[in-house]
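Letters are used for the chains, namely A, B, C, D and E, taken in the order the chains are written, and counting of residues starts over at 1 for each.
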Amino acid sequence: NAHAESEATPTIRVGILKFGTVNWELDAMTRAGLDEKAGVDVELVPFAGEDASAVALQAGSVDMIVSDWLWVSRLRASGADYTFVPYSTSVGSLMVAGDSRVQRLSDLKGKTIGVAGGPLDKNWLLIQALAKRKHGVDLGAENSIVYGAPPLLTEKARQGELDAVLNFWHYAARLEAEGFRTLVSGTDAAMEMGTAGPVASIGWVFRDEFAEKNPEAIAGFIAADKATKALLTTSDAAWEELKPLMKAEDEKTFTTLRERYREGIPSRPASEEKADTAKLYGLLAEIGGERLVGPAKELAPGTYFDDGKNGS
Amino acid sequence: MSNLSKPTPPAGGPSALEVEIRGKTFRGADGGDVRAIEEIAFKVAPASFATLIGPSGCGKTTTLRIILGLDPDFEGRLRLPEGGAGRVAAVFQEPRLLPWRSVEENVRLALPDEDAGRDLDQLFSILGLDEMRSRYPSELSLGLARRVALARAFAIRPSLLVLDEPFVSLDEQTATRLRKLLIDVWSARPTTALMVTHNLREAVQLSDRIIFLTERPARIRGIHDIVTPHAERDTRWRETTLSAIAKRYSGVL
Amino acid sequence: MALELDHPVAAERSIASRLGPGIVTVASLAGLLAIWWVAAIVADSRVLPAPPAVVEAFWRDARTGELFFHLAMTLMRVAGAFVIAMVVGSAIGILLGMNREANRFFDPWLILFLNIPALVVIVLAYIWFGLNEAAAIGAIAVNKIPNVVVTLREGARALDRDLEEMAKVYRFGWTKTLRHVVLPQLQPYFAAASRSGISLIWKIALVVELLGRSNGVGFQINLYFQLFDVAAILAYTLAFVAVMLIIEFLLVQPFEAHSTRWRPKRARG
Amino acid sequence: MALELDHPVAAERSIASRLGPGIVTVASLAGLLAIWWVAAIVADSRVLPAPPAVVEAFWRDARTGELFFHLAMTLMRVAGAFVIAMVVGSAIGILLGMNREANRFFDPWLILFLNIPALVVIVLAYIWFGLNEAAAIGAIAVNKIPNVVVTLREGARALDRDLEEMAKVYRFGWTKTLRHVVLPQLQPYFAAASRSGISLIWKIALVVELLGRSNGVGFQINLYFQLFDVAAILAYTLAFVAVMLIIEFLLVQPFEAHSTRWRPKRARG
Amino acid sequence: MSNLSKPTPPAGGPSALEVEIRGKTFRGADGGDVRAIEEIAFKVAPASFATLIGPSGCGKTTTLRIILGLDPDFEGRLRLPEGGAGRVAAVFQEPRLLPWRSVEENVRLALPDEDAGRDLDQLFSILGLDEMRSRYPSELSLGLARRVALARAFAIRPSLLVLDEPFVSLDEQTATRLRKLLIDVWSARPTTALMVTHNLREAVQLSDRIIFLTERPARIRGIHDIVTPHAERDTRWRETTLSAIAKRYSGVL
């Protein structure tokens, strides 16, 4: 942008997990200078935990983080002004060992299942609902469920103490590279439960207030993100540079991570996403109850960021 | 407080020490009450020396603690002597030294701030503590520790001196020397003094007034005043006085 | 200056001691509640909910019995780990405090174990012993033991030598000496180790439950943390604190008063 | 039975005390290393790496200076929080221990603050005061203060009444009494509170760094936990432990020996 | 150990207490060495009563501690008397009671297990402790506490009795009563006994052998044997003996 020269480039501070998948993308973005090209200066603030970035956003120490729309809707309903731009459709998958005799959800009876996100994890709720609807199996009641920290559950799956593990996508991808296979993914479950396509469950989250005050920053960032995704979809060379961040144990893991990442790039128009999300919300409100979604009966208005271009 | 180089002013204010305890009861840990003092009332004239004598466990230490203001929970009234900024020196029944401070520090800590740097060489030397100044209390014998407690009391210039059996656990020679030191210190700057002892000889030698107490709960059994000046109390006088007292108060000698 | 004192019986008992201890405690809790409430109103933030919101969150989970279930699970783990940590830690601490050479040898080990992060111990325990109660309780205990050791070791170092000698001369033997001479002297150290111990154990229990248990207060708190439901987090926290307060007033304080009844009472004034 | 004893000078000094304390410490550390190594070989698991793997992980991050940077950040936070927690906690603890009525009033508060989960305090601090060093250090200190209070309070309760009376009679005044009568008696409690304190503070620092700092050992350990790189976790842990060992042997022990030199030595035997 | 109903067997084994300390040096906290004992060697015949007298701080308590086995770090050799399962009773210079146990528990804890339930009524009553049995030491006066320490020593039936200034801080009447009690207890079941005192009268009244020590570092100044049986030691005999001893050992009276 030519006239961006006259004033200082707007800065946007993004809270990220140091070795998290978001960092791969943002690293590629800054490395290729895509943010500058879009007229925004992206400043990365690394944290060691998911929760840390949520705290940082609330404390005003960063302007943007990655989180899910359910969290945004829930907080919006209680008065906060966070808003959401889709980032990835990659969600967790329920994995079993390659040589496991479990083939279908209905085979999961009397097994030990590890669940990384806790009992209110969206994917877990969807998979349970799916199992109940399609196979008439109550996964929660007929198996022993172990909730725990994602790395620990991954290790336990490797050790064979768990018969199946529902974990976040990059843990799942790592297991896949080691010979595990996907029994069902969160996206599969959602689609079987009625969404039209994969829903980006995580996205960029920031305050409406910030967007109003820094419209160019947000617009620039979204543009830069789009460009980065395009780059990462096409260029393997760009991935080579991310290797140190990805900490892949071997080449196979590396390629699996890359492919799964590419699969997660949202491709549908925002309006479709929104419609599916509203549907999903209703579904989740039904199975997760008020515990999960809070008092609001439907997706809080404004959960999806309205940049004024797409209309609603 | 006076500086060492100035002549010591007469100490002990104009008013007497007046003790009037109308009752003191301890509440035992087992719930029962212990009546320690029934009724004790006496006066100690300004700058005079009084001694309390009574059977073991009758309430002497309790009386001293009340006078020292350590036990406000009694019935009765107190009037402390005036003057000397109201400083009090006490020799407790146990040495009560700070184990983590050297002998010298223990004594110096009791000095008022104005006197902090005072030269204590002579005092330590009379008490036979020369070599011990940098030792810790745990390295002292009991007799040495008691002498440190005496040094602490003698080092400050109090308006009231309270001594609870100061000369026990000392060999006769040392005890005699220290009694003489007490008389010297006290004569140089007469102070109201109150001592507890089980040693009638000691009492007769030092006091102007001896207060005999009964068994617990303590009452006054009798008061014996001595008017003979200290200098004139020789061996013969002492033996006569002792036997006179022993006749009146059986069991004290 | 002349000092004149009159002492009619009990003329000067202070207000607080005249009121029963119960009333003081109630006043104390009321004060705390008031401060919180005012702060919540002033802060007016989602992050510090006012008491009614917390009561509501409490009621929501109490009604279903869920809260009590998780509380009971956590209390079970806390109690188990507490007993193990106190017994093992005291034994080691007393030994090290009384034996200079053993202490010199094991001191570096102690410092190591003191400073291993809870996370490491917990993860290793889960990995080696499986995701089960034994591993959870053991991991909590291992985290706490070094702290007990350190406290009791100081106590054992400060033991009265005179009484020890008396016991030796009168041939008290091992058990009598421990029971009648050593342990009573260590009472304040036990008290310190157990009070701060139970709170440390509970805090570690939260992490243990977060990392690999499927129930307990730590599990719930983490769940609500992900939803950023501070009212629910406080509801669980306060439920635990309430249990601790009840234990303190009904068990610990009467026990402590009994075991220190020999101490000379400090004169009021 | 007749007991006959011969006592030529120093005939019976034990082996350990004849060797310098340095050698004992080295032997102790060597023993620890050996146990670890053997265990690692026996376990043969990625979860318990053998020493060389840890050294390698150490070297990897040490070469770039990264490890030292994170270590320094954590040490800075630990030191700051330690000083604050000890000063504030001791003052409150001594006050409560010496004042029965204040204690009765504040005891419930203390139990509350003891048992508030670290997570809650840390999150509230970050949200109210922002993600900055002051909030981080303050949150750590607030977590630790109640533990210091509890320990020092026990110490203040066990204070010697005789010495207190002596100080009163000799008009020591407030400062002299504190410095020469009260604090020396509290030395073992300070020692216990600070030893177990520094380790607790470090553990909380790890959580604080996890929840909202972009550097420090806690930050690194969590990153490596997500990658399940136990060797790197141990490398950071041991680097911190090494610092603690150095502080212990070069600072704490000489200081402690000095401040307890008055204690009668326990007879050997 | 004998049962109360059985007649008490003669106690104190056949061998004497032999003490031979060729040197004892303390290492002071300030780094300097303190030579406490230079050379002390004496014997106490089986079932006889010996007394140590010496200036304050000369090394008497140190000698007792060595004999009691509390300080193995000395040069020299020891031979303890045989018999009575080797039990030792000690009255330390301070009471050394367990503050958290009642008076009665303090005494009972010292009893050997076989004697645990013994009837101590008479003992407490002679010592004037009847009322105090359920009290805690902090509720006792110093004199009462010392009596509890004596009760503890008298309650067991030792083959060696060690007393460090047992009768200080007691009024004369009580002290006389307790000395008599000591003689009774000891005569009923003669035991090798070693006492430290600063009171020559007491020593002359109780002992078979008096060992005089010099100033620190302690050496033997002289040993005085007394052959007159206890029963025959009347006032006249005592005064003569006292002045004879005082003549030889100046400063002890």
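Here are a few things to note about the model shown:
One rule holds for everything that comes next: a residue touches a chain if its C-beta (ideal position, glycine included) is under 8 Å from a C-beta of that chain, and two chains touch if they have at least 3 such contacts.
Keep in mind that what you see is a predicted model, and the values were worked out from it rather than measured.
Centroid distances from subunit E, each centroid being the mean of CA atoms, peak for A. No other pair of chains shares as many C-beta contacts as C-D.
Subunit C and subunit D have CA centres that are 17 Å apart.
Averaging C-alpha coordinates per chain places the centre of subunit A 40 Å away from that of subunit C. Centroids of subunit B and subunit C (each the mean of its C-alpha atoms) stand 47 Å apart. For subunit A, residues that reach two or more other chains under the stated contact definition are 51, 58, 149, 155.
In subunit D, 47, 123, 127-128, 218, 221-222, 225, 261-264 are the positions where the chain touches two or more neighbouring chains simultaneously.
Residues of subunit B found to touch two or more other chains are 29, 69-70, 94, 136, 139. On subunit A, the positions that touch subunit D within their shared complex are 17-19, 45-49, 51-52, 55-56, 58-61, 149-151, 154-155, 247. Across the complex, subunit A meets subunit C through its residues 51, 54, 58, 71, 74-75, 78-80, 118-120, 145-149, 152, 155-156, 159, 161, 292, 294. Across the interface of their complex, subunit B is touched by residues 162-163, 165-166, 168-172, 176, 180-181, 184, 259, 261-264 of subunit D. The touching residues of subunit C, counted against subunit D in their complex, run 14, 16-17, 21, 24-25, 27-29, 32, 43, 45, 47-48, 98, 100-101, 104-109, 111-112, 114-120, 123-124, 127-128, 146-147, 150-151, 153-155, 157-158, 161, 188-189, 191-192, 195-196, 199-200, 202-203, 206, 218, 221, 225, 230, 233-234, 237, 240-241, 244-245, 248, 260, 263-264, 266. Listing the residues of subunit B that touch subunit D in their complex gives 65, 68-70, 87-90, 92, 94, 96, 98-101, 105, 109-110, 112, 136-139, 152, 156.
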